[in-house]
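A, B and C label the chains in the order they appear, each numbered from 1.
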């Protein structure tokens, strides 16, 4: 089942749009623009509206998605995305605002942003938020710029050169730190799955600018030693950065601000249920403690008691990290989600996310080995190692799951667990859905032992079978107009 | 509160039993007491769906959007017509509730759409390679500058004042913290001053950046800029408006090495400036330096065409601190939005939209010149759908226009103190001759 | 099989030394561990390599690995064929999959490399 490319469907002369008739006297562009600057060829397709609608409808049907079925992709929090949020973000008065409108015409929008900043501050235990960052990784970059600015202000920029990152951390953490010229120092994971305190003590030297930490971490485990960790890092005037990828586990239970973190980012597309969109748009707002508020990106939204204002005069600000005030449409959806759930609903969401993960973990550990056998938070990590004797790898198990109608868990991450299988059910999945998935996993475990070749050849029931990734990378065909012969 | 939590009490009990604990509290037992929140979150109680909708209508009602206001605002974000089919297709859950296509076999829809997007962007810009998208124009430029540094081994980049001031500010925030020196260059008659620029380019220059059209709406001589850059061993980075590329020669054909910019004008709602679409395209020589996701065509086991994320070893999840960029989630749904727009508008449509903006903007300028004596035109450089006017007391004038339901332009003195009372006026295909007349009359009346 | 006429390092590089010239590459074991090699990032001709320091990168579909210089010297030739067909590194690591030819600045360093038998023993202790 494959779909032709739009370029292959194109028929010269077709059109899929209408424009009003030009109602001003037509002039000749060549009288106004130098001829060499005027375009002769435009290699785009020509399609009718029905061609386009059918093409993209058929493409959509080749996808798995949360609306289609279970999507236990660890670390990504693939929870249900409420439909009402799609409606409200499209309302006139929100979707049709231009970012350079005068303040008196956008009071509602600014108020919404202000309220969202306050709500995120309460949930995270932080004193001030910026909504600018467009994604988690962008939030990390923003947080690290704040760490740099903090040390610069104390005239320590030259000596604060290192960022500590656990070896289980997301790849974006070291990549973000390295982009800004920090030296990345990996901290080991303890046998219990938290930070190895001895290793942390040894590596927390005076040149440490900060520590980036996910908690619960990427193993789905809450690090009980956070108070001690904060003490160690603060002891050398390092700042603690909270990677909010896993905030969905602890809303209403525990707050990064109370754990000792100075800076957090929140992934609205994970915890606050804004749709993942096939890989964005997300949003990665960043919150800080009061002593860092002056460094937040400008412009900021302020309330003077009467009116909301866009304020650009902040001497210590790191400056804007993007154009305009943020991915507004994403922020609107997140705000609507917080409104709908309220204080109690948010805590329930985390409670059930943790309940679901522990339920699946305890049932699946009978056939799959657990990487760390202790109560997990919103996700847990299995290893596919038991099937190695049959030559079946984690990748094969993941691919076989596709045949059973599921998206695969996150695999081969975190890097510290061999043949890792990382499962995050989220709170919006029912017991039936999880039971069915567990049954499928058990069947695959059986197949791996009795008929390993079957698992290794999977998937079979998908629109295409396993794809030749080596060919794709060795001879890149990434542009129809320069395609591989 | 929402109906998004499916469990019945009986199911919760059964699950707790299977786990072997008495209560949900037990699952949080390892969180030390001092790290716990021992009170409810200080947030309002949850709402029913209809209450949420009411509340959101109220927030929306606190704004005056471009549906009710007559807008001449541009400066990177434009009020183009968005064909109805786009929203219907974007709202298919199979697209918007999927994530990054990690499992290619069940993500062919997203992957093929990205391949088509990459191809369309390459066609529009005259480039060989496009990635799957960036966040928006400012951060796309940051990455382009970073690519130029990596490619040339040089760290000085010339960022003329004709480039969008917000893009320049974002570059200042980020690139200068990456060891890159950003140097401004002056403008003359609304375009980059080539004579002054040529004195600044030397063998330490990694790149020259140019807007196309630039921030003032003027069309730069890209060929001259490209020659200047290449003669010094530097790259030419172009920030382009994709609709303008319907009329203007592809930057790739004029010597650009990297083309990036804001893709909002490709059928994406203005939405107060986001989520929008950063695009990023380059020549083949820079393939390994491109940040972010790239989709490639390949074959499955039975020889059928299929698509995968490719060249992944450049990326952060594999290369960690050695990756060139940290980008992970990008703007896939907005790229899909632009892809659907480009396929509906097609070869002729993009050109038509660009041409109508061009025709109407030029008509407006002519009418203003003829009918509103208080208005002057500081620049004579060629332009497409956006141009600069000078009017007395521009700031006050804008306020008065708002009261008449008109968003009259973007005030330039905010970024250019020497351009006091200058307004940037944008005209898209949506503006009618009648609306242009109204704008002239209003401006005429208010400046009498 | 690792050819007996080559010298090896514990970081899985090999060198074929003839007088002041050495051809270098990565071993069959390394190529196998990486999986399908899709790209080899090589330094320009004229670059000076320092023994033990990284000089390039081998990319496979899902991993990336630094290549360490087995010997010090100046690059005199690089295998441009790998751009078109990086699979040589997997299929013929000691032949068509060679990476660089270098002019040695300190030929005595060759004594610090190990022979095929010692290398094979080393591999047995790796990664399992």
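Following the convention adopted for this analysis, a contact is a pair of C-beta atoms (placed from the backbone, for glycine too) under 8 Å apart; a residue touches a chain by one contact, two chains touch by 3 or more.
Computed from a predicted structure; not experimentally measured.
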item: A-B compared against A-C, more contacting pairs; value: A-B
item: Chain nearest the overall Cα centroid; value: A
item: Euclidean distance of C-alpha centroids - chain B vs chain C, Å; value: 44
item: Inter-centroid spacing, chain B versus chain A (mean Cα positions, whole Å); value: 19
item: Distance between the centres, which are taken as Cα means, of chain C and chain A, whole angstrom; value: 38
item: Multi-partner residues of chain C (each touching 2 or more other chains); value: 38-39, 59-62
item: Multi-partner residues of chain A (at least 2 other chains); value: 469, 473
item: Residues of chain B whose C-beta touches two or more other chains; value: 311-313, 318-319, 322
item: Partner chain A, residues of chain C touching it in the complex; value: 36, 38-39, 59-62, 85-87
item: Chain B residues touching chain C - in the complex, by the definition given at the top; value: 288, 311-313, 318-319, 322
item: Chain A - residues contacting chain C, complex; value: 412, 469-470, 473-474
